[in-house]
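To keep things simple, chains are lettered A, B, C and D as they appear, and every chain counts its residues starting from 1.
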Amino acid sequence: MTISTDKLLSLYRTMVLIRQCEEQLARSYAAGTITGACHTYVGEEAIATGVCAHLRHDDAVFSTHRGHGHALAKGVPPRELVAELFGRETGCSGGRGGSMHLFSPEVGMMGTSGIVGPCILQAAGAGYSFQLLETDQVGVAFFGDGAVGNGAFHEGINLATIYDLPVVFICENNMYATEVAFAYSARNTDVAGRAAGYGLHAEQVDGNDVVAVYEAAEEAVARARSGGGPSLMECRTYRTRVHAEGMGESGYRSQEEIDSWKARDPMVAFAKRVVEAGDLTDADLQAVDEEITEQVADAVTFATDSPWPDPATVADHIYGEGA
Amino acid sequence: MTISTDKLLSLYRTMVLIRQCEEQLARSYAAGTITGACHTYVGEEAIATGVCAHLRHDDAVFSTHRGHGHALAKGVPPRELVAELFGRETGCSGGRGGSMHLFSPEVGMMGTSGIVGPCILQAAGAGYSFQLLETDQVGVAFFGDGAVGNGAFHEGINLATIYDLPVVFICENNMYATEVAFAYSARNTDVAGRAAGYGLHAEQVDGNDVVAVYEAAEEAVARARSGGGPSLMECRTYRTRVHAEGMGESGYRSQEEIDSWKARDPMVAFAKRVVEAGDLTDADLQAVDEEITEQVADAVTFATDSPWPDPATVADHIYGEGA
Amino acid sequence: MASGEMARREMTYTEAALEALTAAMVRDPTIFVLGEGIGERGGNFNTTKGLYQRFGPRRLRDTPICERGFVGLCTGAAMTGTRPIVDFMFIDFILDAVGELTNQIAKIQYMTSGRLKMPVLLRGCVGVGGGAATHHSGSYFPFFVNVPGFRVVVPTTPYDAKGLLATALRCDDPVLYLEHKSLLNVRGDVPEEDFAIPFGEARVCREGTDVTIVGVGPLVPKSLAAAESLAAEGISVEVIDPRTLAPLDMETILSSVGKTGKLLVADESFGPCGIGAEIAAQVMDQGFDDLAAPVRRLNGVHTPTPYSPPLEAAVVPSVEQVAVAVRELAAE
Amino acid sequence: MASGEMARREMTYTEAALEALTAAMVRDPTIFVLGEGIGERGGNFNTTKGLYQRFGPRRLRDTPICERGFVGLCTGAAMTGTRPIVDFMFIDFILDAVGELTNQIAKIQYMTSGRLKMPVLLRGCVGVGGGAATHHSGSYFPFFVNVPGFRVVVPTTPYDAKGLLATALRCDDPVLYLEHKSLLNVRGDVPEEDFAIPFGEARVCREGTDVTIVGVGPLVPKSLAAAESLAAEGISVEVIDPRTLAPLDMETILSSVGKTGKLLVADESFGPCGIGAEIAAQVMDQGFDDLAAPVRRLNGVHTPTPYSPPLEAAVVPSVEQVAVAVRELAAE
């Protein structure tokens, strides 16, 4: 592992930020402060963290219904995320979006989508822009195994491949789409293998190992940035909470399965590893935990104190200026 | 080759019927008798012929814009095909469809589509019916290489595979979609290889060799009929006429390429082979040629003499009876 | 329930529809349902609760997330002798299948001059509510009224939910059966026995003499509430629920307008080229001399649906807005 | 052409649009075009003729047949600083991309409160003609008027084709630019210099006093032809071309109706929930007292488009049908 101590600390910080934010959002949902859908990223933090560590604010991330973690890892301030789910004017989408519609173009969070699929195509489109404008920016899509059976996967991966676009596709294969098992939705569950069939660079990564993700993403992002074309990373992982807050488990997966993945918690594993390797100390990590706890508490206060959007603005910005 | 003489003659007859019909339709198009689009199947006759030889009238074929050959091979009488393109009431779609909308459910020709893609899904749907109703019928889709990059390919093949549906997918890979080369639209042009990635049975066949197609289809249809699930056959072939009547070649493919494929004409190759093998004689074949020439002439007379549809019926049958 | 007991029971809208579906599936072994989570789980909105256990995995089959794919599959199935139901959960997901709907499903009967039928039922939840936000709040029915070939059904009561679904499941045409989120848990009396409500028959929910309201979906109960309070002010309101938007029962609407001379069409979905425009144009065309005032439309705000509660509330027509519009009409 | 020569030249509708596109691509290096056959070949309808040779393979790029895919790609491109044009050839192919259009393209500006723009131009041929048959004859614009977020442009002359496309290519909103098949080869005077026609400004094509016709697309020339023959009968017809359906210039329509008191909306596309319904409802709402007769609508027959010439002719409103409708209105 040739990752600097600072970087290790920063990876840990991002994972903890996501985890603590998600747990807070789950509590706020239970309390009724958040309405609509709320899909948490608990258990999958290593993926957004390891990938976004290589991205600049001018790289473009497109994500899906389970997008809180991507937003935070890409640099959306927790205040703006929490305020968005609280429906406040100060939220990253001005309260218009909620959990599934997080927009923060300022930091390159180009949007999450409540519809499965479009992010794949849009990331290819960002790649198209960057190729045409001859910049070294990169487009990134995060999506679940559930998107793999969708036409958008097929069309988007193919377009990016034949046009050689600077894009990185991140498939977060957590084995289920809601309660439908990926093994039911696909006879062949080797996403990386299938993607390679399109002719792009594809590999499978342990999505619960932030270092593995970090290293694979480093290569994929560098490849895209330097004109080497698109890549796909299949990150195998697991969501340890319910599909969406308020839903039950309903029996589609066993308690043993859940427990076995909980035992592979990406943060716990990372902490163990870096401490054992002597890269970081328990005290280092605990300091981060505390820092984040404060940050999340501050975000909740900020959101709670923020004004509601003004209903008089409800139809603003449907169109741009002029024309 | 263990194919009976009768069967060989019948394969030849179907190919000649398609060829002669197409050449007639091309002439009629040039004469202005046919309007709209008219995509001929010249050069690809072996595929529909070899596949449909294994189908019954209660098997369901779904096809695409280049569908005349599929209709004829499936048993649509040439009279009804020609009358349809002439826009007559006696056409297989009552004149409502024209070249790209051939419906003859009576013989299991469930429709051709002017939109690329849907036939793949609909064949899967026929397979769904047959599985649910526990019959031994089979659904078949014919589509071009141009459909391979479309989401319908991805979603349809996947659904048929995971549900184990009795379907045969026939990809007619003629290397171009209009003038866009398949090698441009796909980095990996091995359709069978890619299809196998979904987990269904897939193989590549010489689409200009009617016997090869016949033999591969025999297996695929039998597999579907007996509950063995779906298959895909990638039939490599070439259209030797322009994409659609009235269009030019416009330089997207070389004259050498066209000529090299003309030299591999499926009917000529077949005739040479069966005569050399002593299975059929030149006289046998010539008799078929003449029989078909008469049949096509009769179809043109029939169509020409047929009435136009009554404009008063133009909005009939949008809805079924009742409700 | 033993005979002799009350044949009418109170139940929810969702339960009533499930009863119609269950009866149809017992009667007709060619009916099957596809969708995400409609198998063992019984549907995100309990639309197929218990059916997997009863009818098995071929008649209730979960799908991958490929709406275009399974709508296209259902097209081919309907063409070959079965009766597919697509359960979209949220109807918004239908948008990826609009090509299959418009160019295939809607046209097959026409292209075959009726030699093939197209008994596909497309169902899902529509409408704004509960912070569902912009990708889970749409209605879209004007499009399906515009395109020839569809039946468009918008039940508003448990009774209608059962009776209209029964008709849909006998109908040989493609039917969009659209269930508004806010109505799913509404309770009402529903007969135990099978019954069917023909398409194209509006229901006069309340009689009145001053102003007619045609309400669509959730605007029916809202209009009834407004009518109640307007009655206290001395304004007598007739409320009509068209129940199906295609076919549209213009006769009932026109005869009401013949009596009141004034019409408000209240609909949560978008105004431009919406159902209110169509009704207004037809009433003008066929009942111009009856009109004492122009037909008025009340629609949801013409904007994507926002998430935040105060914004969400601001885009949906309220009981008070209905009342205001009626008062204005009455005063004209 | 040297200055001093006639600045106005006669050219076709397609050539005029190509001129606007070429000028925009010279001016703005972020514009690119995707579609099938729009590269080296220059487009099935010559919409991009010569541009590949001039601007190269990244700015004119052929696509596989994956309409949803490349519309979604263009969405992401527009969000990140370029200005994509999707050239659908036949607009019917847009239907596989309705999800991307409705839930993504139309909503991005709103969801970001204007922090992102959505300068996507979607163009293609609409309408019935030439035996194109049921999958290549649609119009679909009522849907895009119903959904908030789109500009819908329907040029009818070479002059408008150039001027409206110029505006579309400077506009930050998603624009549907719909070219009717029957108009592509119409010739007319077009200024050589750049000019832009603002959206939402109707054109009064012919002044008259007895009856107003709002024509859409090919119904503009047909209405002008009908007006010509009606003039001989002593009926004075005003013909209005709205040019854009969203935004819709109701002011011009209302002021004409203020003069004539009678309105016919003539449109080849489907009637129910169509643009005629919307115009009728708005005219009634805002100009009720001006109306001497109900607004009439003349639409294509509400049926899938058949192939056979006599059937095809039967579904399209004819000059004679326009004249009959106007005569009836004039007599009311």
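Heads up, the rule we're going with is that a residue touches a chain if its C-beta (ideal position, glycine included) is under 8 Å from a C-beta of that chain, and two chains touch if they have at least 3 such contacts.
Computed from a predicted structure; not experimentally measured.
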Chain pair showing more contacts of the two, B-D and B-C: B-C
Greatest separation from chain C - chain, by CA centre: B
Distance between chain centroids, defined by C-alpha means - chain B, chain D (Å): 37
Chain A and chain B: spacing of chain centres that average the CA atoms, whole Å: 46
Centre distance in Å when chain A and chain D are each reduced to the mean of their C-alpha atoms: 41
Interface hub residues of chain A, defined as touching at least two other chains: 93, 96-97, 101, 113-115, 117, 149-152, 154-155, 158, 162, 184-186, 318
Where chain C touches two or more other chains at once, by residue number: 63-64, 66, 68-69, 92, 96, 99, 103, 110-111, 134-135, 148-149, 302-304
Residues of chain B that touch chain C when the two form their complex: 60, 62, 93-94, 96-97, 101, 103, 105-106, 110-111, 113-115, 117-118, 120-133, 137, 139, 151-152, 154-156, 158-159, 162-163, 316-323
Contact set on chain B toward chain D in their complex: 34-37, 87-88, 91, 93, 95-101, 113-117, 146-151, 177-180, 184-186, 250, 252, 308-309, 311, 314-315, 318
Touching residues on chain D, where the partner in the complex is chain A: 30, 32, 58-59, 61, 63-64, 66, 68-82, 84, 99-100, 103-104, 108-118, 148-149, 151, 167, 170-173, 198-199
Contact footprint of chain B on chain A as seen in their complex: 149-155, 158, 161-162, 184-188, 193-194, 197-200
Residues of chain D defined as touching chain B within the complex: 36-37, 40-41, 62-66, 68-69, 92-93, 96, 130-136, 301-304, 306-311, 313-315
